[in-house]
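Below you'll find the structure, written out as structure tokens, and then a few comments.
Residue numbering begins at 1 within each chain, and the chains themselves are lettered A, B, C and D in the order written.
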Amino acid sequence: MSTPEQVAATRPTGGDEAIGSPRPTRGLRSDALRRLRRNPMAVVGFTLILIFVGVAVFAPWIAPYSPKDNSWLSEVRPGAYPGPSAEHWLGIDPLGRDVFSRLVYGARQSLLIGVVSLAVGATVGVGIGLLAGAFGGWVDTVVMRLVDIMLSVPGLLFAIAIAAMLGQSLTSVMIAIAVVNIPIFARLLRGEMLGQRAADYVLAARSLGISRAGIVFRHVLPNSFTPVIVQGTLTLALAIVEAAGLAFLGLSGSDPSAPEWGRMLTDAQVALTSAPQLALYPGLAIVLAALGFTLLGESLREALDPKLRR
Amino acid sequence: MRVYGRFGRIIALSATAGLLAAAAGCSGSDSTEDGDRKTFVFGASDDPKTLDPAYVSDGESFRVIFQVYETLVALKPGTTEVVPSLATDWTVSDDGLTYTFNLAKGVTFHDGEAFNATAVCYNFDRWYNFKGAQQNGDISYYWQTIFGGFATRDSDSAPESSRYASCEATEDSVATLRLTQPSSALLSGLVLPAFSIASPKAIEEGGTDITVTGDSIAYSGGFGTKVVAGTGPFKFVSWDRGERLILDANENYREGRPQLDQVIFRPIADATARMQALQAGEIDAYEGVAAADIEAVKNVGQVVERPAFNVGYVGMNQKVPLLQNRKIREAIAYALNREGLLKAAYPEGAEVANQFLPPSQWGYNSAITGYSYDPERARQLVAESGETNLTVEFWYPANVSRPYMPNPQAVYESFAADLEKVGFTVVPKTVPWTPDYLQSIQADGKGQLFLLGWSGDYADPDNFVGTFFRETTAQFNLTDPGIQGLLNRALAETDQATRQKQYEEVNQLIFDYIPGVPFVHNRPLLALGKNVVGYQPSPVSLEYFKIVNIEG
Amino acid sequence: MLRFVFRRLLQLIPILLGLSILLFAWVRALPGGPAQALLGERATPEAVEQIEAQLGLDRPLWEQYVQFLGRAVRLDFGASLQTGQPVIEEMARRFPATIELAIAALLIAVTVGIPLGYLAARRYGTWLDSVLVSASLLGVTVPIFFLAYLLKLVFAVQLGWLPTAGRSDPRARAEHPTGFYVLDGIVTGDPAASWDALTHLILPAVALASIPLAVIVRMTRASVLTVLHEDHVRTAEAKGLLAGTIVRHHVLRNAMLPVTTVIGLQMGVLLAGAVLTETVFAFSGVGKFMADGIVQRDFPTIQGFILVIAVSYVLVNMIVDIVYGLLDPRVRVS
Amino acid sequence: MSFLRVRDLTVTFTRPGQAPVRAVDGVTFDVGSGQSVGIVGESGSGKSVTSLAVMRLLPARNVQVTGSIELGDQDLLALSARQMRDVRGRDVAMIFQDPMTSLNPVLTVGRQLVEVIVRHDGRSVAEARRDAQALLERVGIPDPARRLREYPHQLSGGMRQRVMIAIAVACRPRLLIADEPTTALDVTIQAQILDLLRDLVEESGSALVMITHDLGVVAGLCERVHVMYSGRIVESAPATGLFARPAHPYTDGLLRSIPRIDDEERGMLHTIRGSVRDVVAWEHGCAFQPRCDHAVESCLGGPPPVHDLTGAPGHRVRCPRPVHPATPATGTGRSEGSA
């Protein structure tokens, strides 16, 4: 550890009174956007996401072959899998299929898992958080206790338990990941709403006689969504990685031929010594896609967090 | 509470291990390697279930038991030839009902007890008197296969009658075994590790309690898990589940002390991980070399193959209407690219199968050729079949490696792609191998298309085709008077030449009927370290470590 | 302080009860219900009937729950379908391995993560900061098992520096009175055995540490940044204290408070991540047993594992809370 | 000779991608030994930055400090960071505005007091503890032995500020800088704290720089007052002179915005238009001009020079058109004051 010249050297402009007074929300949003554009992390993240989503959406046009087409089986010998060529950009897998096409279609699966599990988890979680935050009182107590209990099981384990219970299918993977996300979103939204409820503008609205529901839906909820979006972005990344972990444990879609990154990565371990590239491609794909969402999410968080603003 | 008891037992076990080590004259530091000690580390795919020989039928348990215990008769290494072992010689009465075994003299069990006819008969009586859960087909499989039933019948699934009549210690070193009916398979059967002779004292002291709850078998007795004593070349030292099982050379082994000082079984489930452990020098041998790893293994050691005495096949359940259509079955036979799969994913020695019998088995019909890969023909047959709904379930076992099918999922994926190419819609179905898969396919007949295979127990064609088709089994659900009649006639036939003809004929009938598509006769591979010598692969996977040595 | 600990212990009760209800619901929701979960798919109808009667599945739900709770409290999860041994014995046998691994991983994550996080905060906005932040983001996106395979391939297979599998050299013979192999070497006066166990721990621990490490780096960085901006650090500067004193007593000590909580939460990642890591390294802990259990649909094992891990997780977090109370006087009083 | 001499102190915040901001712009002032000096200004006037610059507590990065700060015979800006650490707390100490946040919440009061004594006086911890107890007693904290073992959150705001003061005076510094020491406190406590400060300063003979926006605080405490506006001193005067005859329109505005009980003629408080945010750089004329009722066009012709008010020794003002000039004020017309 360095012995710094002066510990307070990284303080911002010395507690000067000139900086740091409350800003209106609208300003904060556009301000955040501006900061986001300047942040290279955000730009890289956004680019990765664009590529990922683009590949997923346009997979049939990008991939030269069907992901299950094993027409090139005769070119394969044990431990010797043809490498990149003009016809097969990333070579052929041990079962005579085009690796590039499988990778491209794999983006679809990953995106599907990520988006569906996020959508379900976030919707239910936000709903629960809303319930607790809006009603308060015993509803809040009961709901939050439940959330605490759900959070007392480590996330991956929770997902494993649910996927194992539901059996081997893509749906059960998505449900498993979604369920893990529910308490996270519930707690997040409820915390936000509690904070917002005490905010000046809410007190003002209440003093103007606007109903509780009105306040919640017109004021509190929209203002609570920023952290939900941040969390959502990060959750997408986690979903992709978690799906890979579940696939490793044999908890993934029922069709082993389906091009799914986690499964491709797991299956490639068999030939890790003779053909490490087969593991590397899906591995990198998972890392890059997840990294894209993580980078964007973290930049968003930093851009939107007034405390971290420098 | 249980946890404390367990702690106490660990200490007791350690103490026992220490005593044994001291008794064996193994002095010096406990964990440091003694350069002079010759250690052979075998990378197993799993822990043994238990070392009580009578309770198991799986390869990993057998491998260890085979080194610790001995049977009355044994196999000549690398063959299926029956040779003397604990019985130096034997006579069989003319009616085939009385076996008189002359036993080796001066042999002691690892616990110091004397080996004699009383000990032999103690073991036979123990097996015959199995009760309750012990009569479960999973637990006493080989007793039931060779001897049939028990003294009392406690389980509906147990055989009704027993071939076993009695065992008598007519002299101290003469054991007389009496049967109720003759059995030509008896001597071949007695070589199986399941009929290992264990020390009666160890059995008594350890206890052989067992409880079966559904699928789960609890070996709660101490014999086989904590107390182990046979007469074999190696004796049990300690067992740290999931980590290692240690055997030491038996200084008093009747054939002389083995060359190895100790044998260690290290469980590593994943074949790639075993290969890496071999590369890193952590283990000296392992079973189940993946075809893709052959070159890598050869760089650091040797690859040896067991003779191909197996068959892998895609079964077709005749219960399924779609598969009752012969055109569809033929289409499937033409659609599967067996040769392509074998070339891409099997070791070089693997042969494309066209019948359910391995070529080395008499009765094999070498005149049969056909159903070569022809997707065009398959499509045409599908069109001719008149079937419109071409959706079919295709079952394969998960997370298992079989001698004829090192990677079932790869086989499934390859064949499923072949089938989809000619117009089928394949629905994947998979469950774990034991017990779910075997249960689903063999007992419940849930399979439609399914992957399965067979490794021969003994050298008779009936062990293959008879097992599959002589009776109407749940897995194939085949009822065909022609095939079944011929198989029954062949089994009863005593003239070898006629039998051979009959089996060749039946193979042609089966080939024409297509109750399934055999696709491989594989040669299972073993990896050995560079300095391992004397390892003799066995067609029935029973290999003696007593003849193995580490050089240099 | 004692009252604080006591109060915290009391708070455990509803969480644990809730957990048991969750698990009860899980077992009920298993395909085939609780009887099949105990017996496996091949259970005969008679066995199912017998177990169902034994479990009292015909009784009211709350009665069944009470019975379930009784079994859970006695840690009776039935026998493992894999080995036939009682699940709790299998878990007890393997738990030391997992604890040892988790502690090793946690040590790596903490001893590397906190200095790196501090460094990033002090170099806020520099390239070093960016590199550390990016690396930590990467750390949470690489699947653990993939990292584990890569580590094994490079450091064990290619370079041959470390062993590929297991907890100890198979050829070595060591006594294991406690089951914690590193500790065993010390207890039995066999340092070579401890060293051997350590070398086997390194790769799996590093793989397992990746996520907690990344999280701790980021948390430390954020926390240090926050503390650096706090007034009391300026006070400390104004007092003319030495830089080292300020870093230790006024920055790190305060910044560690939120990090402690995060470390507790990371125990969950460690315990669950062990399922993946132990499998790759054939490390015979509860994680590997669980992974095998998942493949084999060994529901008694899965059930036992979930409960034991969740309870450990809750307990660890309670301990962390108490430690937090020790570190932060404000919590103790309120 | 003055004990603290600040000459032409300029602090510029340079942030990448943004125009540099001059928070303090050519500030010059002296503090004599044992003298009490007030620096008065609104938020953003640069008074706090000035004090932090003297303490050298401004961040190293993105901040540029020029000019000279001499304390006794030391040039503070020339000292190494390590040397400066010896100066801080020993020769010059500082009291901050918010006692709630200025103490470390996780260390006991005693620890925070002891560490500064040990650091500068080279005493053992046991000795320092005795000193610390005596100090707490001196700053008026009852039951000091118990308080030493307590944490800041167990103390009231006023008590905490007393602790801060105890820490500041622990090593008998010759200069004490108090940055708004009473702002965050209840009104009743404010007076007590100010009394305590005055007593301590008188007793020890330390010099005091009181930074505040509250002219009332200065009135009872300081001999000399500097009024800052937008980074510059706009008026310097003996306290009595300033209150009697505020010359700068800004000072005048500040004074007139203080409610006075004896002032019955004005029913309404005076306010200064706008806020300090409407900063105009001094290069383009008087920064106060946009808010000034007296401004004329010439106020925009570059920074107005400083000149002494005639007839008022030591009373200097940076305004061409002072409110209460020494010479009879014209109030209108274009009479341009010149230095």
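Everything that follows uses one rule, which is that a residue touches a chain if its C-beta (ideal position, glycine included) is under 8 Å from a C-beta of that chain, and two chains touch if they have at least 3 such contacts.
To keep track of the chains, here are their UniProt names: A = ABC transporter permease; C = Peptide ABC transporter permease; D = Dipeptide/oligopeptide/nickel ABC transporter ATP-binding protein.
These numbers come from a predicted model, not from an experiment.
Should one ask which of B-C and C-D has more C-beta pairs in contact, the pair is B-C. Located most centrally within the structure is C, per distance between chain CA means and the overall CA mean. One finds 91 Å separating the Cα centroids of subunit B and subunit D. Between the CA-based centres of subunit B and subunit C the separation comes to 39 Å, rounded to the whole angstrom. Here the CA centre of subunit A is 51 Å from the CA centre of subunit D.
Shared interface positions of subunit D, i.e. residues touching 2 or more other chains, are given as 57. Within subunit C, the positions touching two or more other chains are listed as 153, 157, 231, 234, 236-237, 243, 250, 279, 295, 297. Residues of subunit B in contact with two or more other chains: 270, 276, 398-399. Remark: subunit A residues 68-70, 73-74, 76-79, 94-97, 168, 250, 254-257, 267, 269-275 touch subunit B in the complex.
On subunit B, the positions that touch subunit C within their shared complex are 2-3, 6, 10-11, 14, 17-18, 21, 29-33, 39, 41, 47, 49, 211, 213-220, 240-244, 246, 264, 266-270, 273, 276-277, 279-280, 282-283, 398-399, 431-432, 435-436, 439.
By the touch rule above, subunit C contacts subunit B in their complex via residues 36, 38-44, 47-48, 51, 75, 78-81, 83-86, 88-89, 92-94, 152-153, 156-157, 160, 163-177, 179, 185, 188, 190, 192-193, 196, 279-282, 284, 288-289, 292, 295-297, 300.
Subunit A contributes residues 1-8, 10-12, 15, 40-41, 145-146, 148-150, 152-157, 160-162, 164-165, 167, 237-238, 241, 244-245, 248-251, 262, 265-266, 269, 272-273, 276, 279, 283, 286-287, 290-291, 294-295, 298, 307-308, 310 to its touches with subunit C in the complex.
Across the complex, subunit D meets subunit C through its residues 55, 57, 84-90, 93-94, 96, 98, 101-108, 115-116, 119-120, 151, 153-154, 164, 167-168.
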